[in-house]
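Per-chain residue numbering starts at 1, and chain names A, B, C and D are given in the order in which the chains are listed.
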Amino acid sequence: MDPLSDRPSEGRLRARLHKIIFGVKTPAGKAFDVCLLCAILLSVLVVLLESVPTIREQYGLALRIAEWFFTILFTIEYGLRLWTVRHVRTYALSFFGIVDLLAILPTYLSAFVMGPQSLAAVRTIRLLRVFRVLKLVRHLREAYGLMEALRASRPKIVVFLTGVISIAIIFGTVMYLVEGDDAGFTSIPTSIYWAVVTMTTVGYGDIAPQTPLGQLLALVLMILGYAIIAVPTGIVSAEIVRGERAISSRACPHCGRKGHEPDAKYCRVCGIRLQVAT
Amino acid sequence: MDPLSDRPSEGRLRARLHKIIFGVKTPAGKAFDVCLLCAILLSVLVVLLESVPTIREQYGLALRIAEWFFTILFTIEYGLRLWTVRHVRTYALSFFGIVDLLAILPTYLSAFVMGPQSLAAVRTIRLLRVFRVLKLVRHLREAYGLMEALRASRPKIVVFLTGVISIAIIFGTVMYLVEGDDAGFTSIPTSIYWAVVTMTTVGYGDIAPQTPLGQLLALVLMILGYAIIAVPTGIVSAEIVRGERAISSRACPHCGRKGHEPDAKYCRVCGIRLQVAT
Amino acid sequence: MDPLSDRPSEGRLRARLHKIIFGVKTPAGKAFDVCLLCAILLSVLVVLLESVPTIREQYGLALRIAEWFFTILFTIEYGLRLWTVRHVRTYALSFFGIVDLLAILPTYLSAFVMGPQSLAAVRTIRLLRVFRVLKLVRHLREAYGLMEALRASRPKIVVFLTGVISIAIIFGTVMYLVEGDDAGFTSIPTSIYWAVVTMTTVGYGDIAPQTPLGQLLALVLMILGYAIIAVPTGIVSAEIVRGERAISSRACPHCGRKGHEPDAKYCRVCGIRLQVAT
Amino acid sequence: MDPLSDRPSEGRLRARLHKIIFGVKTPAGKAFDVCLLCAILLSVLVVLLESVPTIREQYGLALRIAEWFFTILFTIEYGLRLWTVRHVRTYALSFFGIVDLLAILPTYLSAFVMGPQSLAAVRTIRLLRVFRVLKLVRHLREAYGLMEALRASRPKIVVFLTGVISIAIIFGTVMYLVEGDDAGFTSIPTSIYWAVVTMTTVGYGDIAPQTPLGQLLALVLMILGYAIIAVPTGIVSAEIVRGERAISSRACPHCGRKGHEPDAKYCRVCGIRLQVAT
């Protein structure tokens, strides 16, 4: 499959389809995007509804028909993408290429691997269809700014998570010692589970300390968790404030460096005079 | 009903009433606002109390009288607003016009649609009176700044919500597979319900994972939810900081320096008088 | 009781005691502060321990002795404050004067109002001693900056709270209609209680929706609560950032206005040249 | 043990080992760090797994062998650190020296203090091995910035915690009075435990108010807790923003302008070359 077409008419069709499927600026491209968005949401809804026993019994056939309808739709979409894209291999191995394949594969697989001995496998495969929800990511252009902010604060988030897990391990071990089996702290992993449930302020209440000392330690852990939630918030806030500042500023005409302060007259890296911000 | 009055005395009365009802600067306007505020709060309280069985039995008559008192009060208010407003249609179809109508309609409707066969309908209609609480919005002038900040960060909030829901769908499906019916994960929608309950750190505890793998996944979800709460917080913080900065962004007519505080009269760099912010 | 002393030696003693009791710069003043802090914490601990049935039975006498010890101590402190303070009435009617009085009054009252018929009243009065914890506020000098930030963002916080309560009332009413008595939504106030428990992510789990529609609404409410926690956080963050900027800056020599930007050369209010920041 | 070696070859070996063990820049140093990191994580996992009854029974021997393997590994590491470090005493008494000792001591102690009468003591000692997790802190170089931000906001955090605890004490006492024994509020400490559980939005649900007044107070406490979480978040956000600003605060030698970005080489206002930040 050559990236450039053999016949001029096919080449033009391909270019037009590429614009519709991958572009967002033409009216047809926008319409395609909206249709695809609806198809994704509806097909995920079908998967969710199929797992409810009462609904599956009543509307089983309708759901299966809808399922095949969406699978064929996504297969056509995947085929068109493969055909119109410039570098087939790059697309097929990219995040979106794999997600697009994963969206159609489970239905076909479950049709072939039918048989009473492999029910559990089929069930697992069929549920993989829920990963279709990842096709949504393509439509979230605003997400890139957020992703950038999260990536920039990754080292700090690693530190934060290590801190949270370390505190959970230490408190879990101490609570296992203090409370014992009666209160539900049957092993250190269970105690750590309780510590995380408490620290993240989820608080299921299935395990709760009984002794006064255990309750005192639980109080300390709660207030700790309540206070250190400030840390990731502060990190991300600072990052977003900085990210917005960087985006909204001028580039140096010499070195292209961005992120100059509003009152900057000279590039901070090469000393060349900047143009006045409008 | 002509927007401008036919007789001068009626015109003057209307103008004065308009000032009292819609204005906030005259003492009479302020007094009207405070009275209306109290009436709204009390009438909502009446609706709430009427739903408590013991209170309804004991004080049923008093509550019904209070109900009609407030309904007539709000009817008079609605009539005066219709009469004094310049563009009747614009007001009647605006958010506040609809809210003002919704505040009185249910009581009248419930009086007409009486009958043993429509008890459920009447009950539903009567409860609509609780939307009177939306009349409060008119009195929250400070809210506009907040609304502005929220509106400006809407695209990012959409991304955030899509992310939260996607994570909930994927974790819900995986947990449905891992945990099964015994632990309460009876269908994917129920599992997703559990995932949102866990991720938002609500943690009812009516459904809780039982297997070690399920508990491990729950831990990951909790810490994820605990960490990504930082994202909306960061977005809104950055937006509020930017909103406040925007207010104070008059430029000096002499040196062009921006970023003057809201109360600044002179440029902080060259001492030249600034123009008054509008 | 004249604010200025009649005899010189008494006057000097009073001035010295005033320095020790109200001041924090002398070593004696610091030592007094630390002792008082310990006495407050210990006396509150005594009140707390006295309410535990098993501890009251075992150590009842010791606790009662400790109680009287602290009461006499605080009485002496209150007396000395009254004696050494310049304006007796101002102190006695100030927040700290009332707190200091409240710290000693309950013990004396409970001694006088003894009798089998007034046990409940005595119990209530005795528990008022816990308000001694408010004596701590005096030692939190850092709190003033925080209080300032909170006061400055009060109008926005009122808007936020009104919003939270309005959402809780509306969701509570709708859930009362959707769920009904079986799931625990027995009245609108109870439903509102559930809505606040859910929205603030507390999630006791004593009331939980049972119908699919109710669970869907609960999901919306949870995500709403999870997202709008960003609003107060953003407000307070912006206020603290602004507050710190204001505190750390120079005052105008002419009008005393503070909060000048780091690069300001002229006062933004009166246009007078500022001194260079060091 | 002289800090400088007696024989030249030993000195060179020691210097090389010091570079590998304490340094991070050489490939050997990096490899050593990664191996140590894995050893720490695996050894903590062994401690956690050993506490699960079913796993201990099945894989008891394997776990004990792994335990001794890691203990000997950490002993060698501790020995090498003692040998290669310049000031033995300083290291041995430093935070990391004590943590390194604590990581190996419990296993040796539990081997010596064997005997049926001291089972509980042995169990406690063995669990101290979990503090090995603190060895991770050495590898979190990013943590120093966060620690700095937390240390700078310590006075405000003390104020915040005092506030939280005071509110919990007052609400706990009032709820003890309002609710009484039936709802689980058996003593003031238990009530305070409930107040903290509610305020930090953990919400176990093991204790919940029953009376209308109690539920109303609970609502106030929840909304309070939900709102004041904004305070630590605001504090830490402001501190991180300030910390990042401080890093970039070199002054221009020509015009004295501050606030240059970390990568700035030239002043953004006058274009003069800046001094390199140290």
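Heads up, the rule we're going with is that a residue touches a chain if its C-beta (ideal position, glycine included) is under 8 Å from a C-beta of that chain, and two chains touch if they have at least 3 such contacts.
Computed from a predicted structure; not experimentally measured.
Visitor: Could you work out which chain's C-alpha centre is the most distant one from the centre of chain C?
Guide: Checked the centroid distances; the maximum from chain C is A.
Visitor: Taking all residue numbers used at the chain C/chain D interface, answer same if over half belong to both copies and different if under half do.
Guide: The interface is built from different residue numbers on each side, given that under half of them are used by both copies.
Visitor: Would you mind pulling out the distance in Å between where the CA atoms of chain A average out and where those of chain C do?
Guide: 42
Visitor: Would you kindly tell me how far, in whole Å, the mean C-alpha position of chain C lies from that of chain B?
Guide: So the centre of chain B lies 29 Å away from the centre of chain C.
Visitor: Chain C: which residues touch two or more other chains?
Guide: As it turns out, chain C has residues touching two or more other chains at 160, 189, 192, 201-205, 225, 229, 233, 235, 237-238, 241, 263.
Visitor: Going by the contact rule at the top, pick out the chain D residues touching chain A in the complex.
Guide: These residues of chain D touch chain A: 44, 47-49, 51-53, 123-124, 127, 130-131, 133-134, 136-137, 140, 142-143, 145-146, 149-150, 157, 160-161, 164-165, 189-190, 192-193, 196-197, 199-206, 225, 229, 232-237, 239-241, 244, 259-261, 263-271, 273.
Visitor: Which bits of chain B are touching chain A when the two form their complex?
Guide: 155-156, 158-160, 162-163, 166, 169-170, 173, 176-177, 186-189, 192, 198, 201-205, 208, 212, 215, 218-219, 222-223, 225-227, 229-231, 233-235, 237-238, 241-242, 257-259
Visitor: Quick check on the complex: what are the chain A residues that touch chain C?
Guide: On the chain A side, the touching residues are 201-205, 233, 237.
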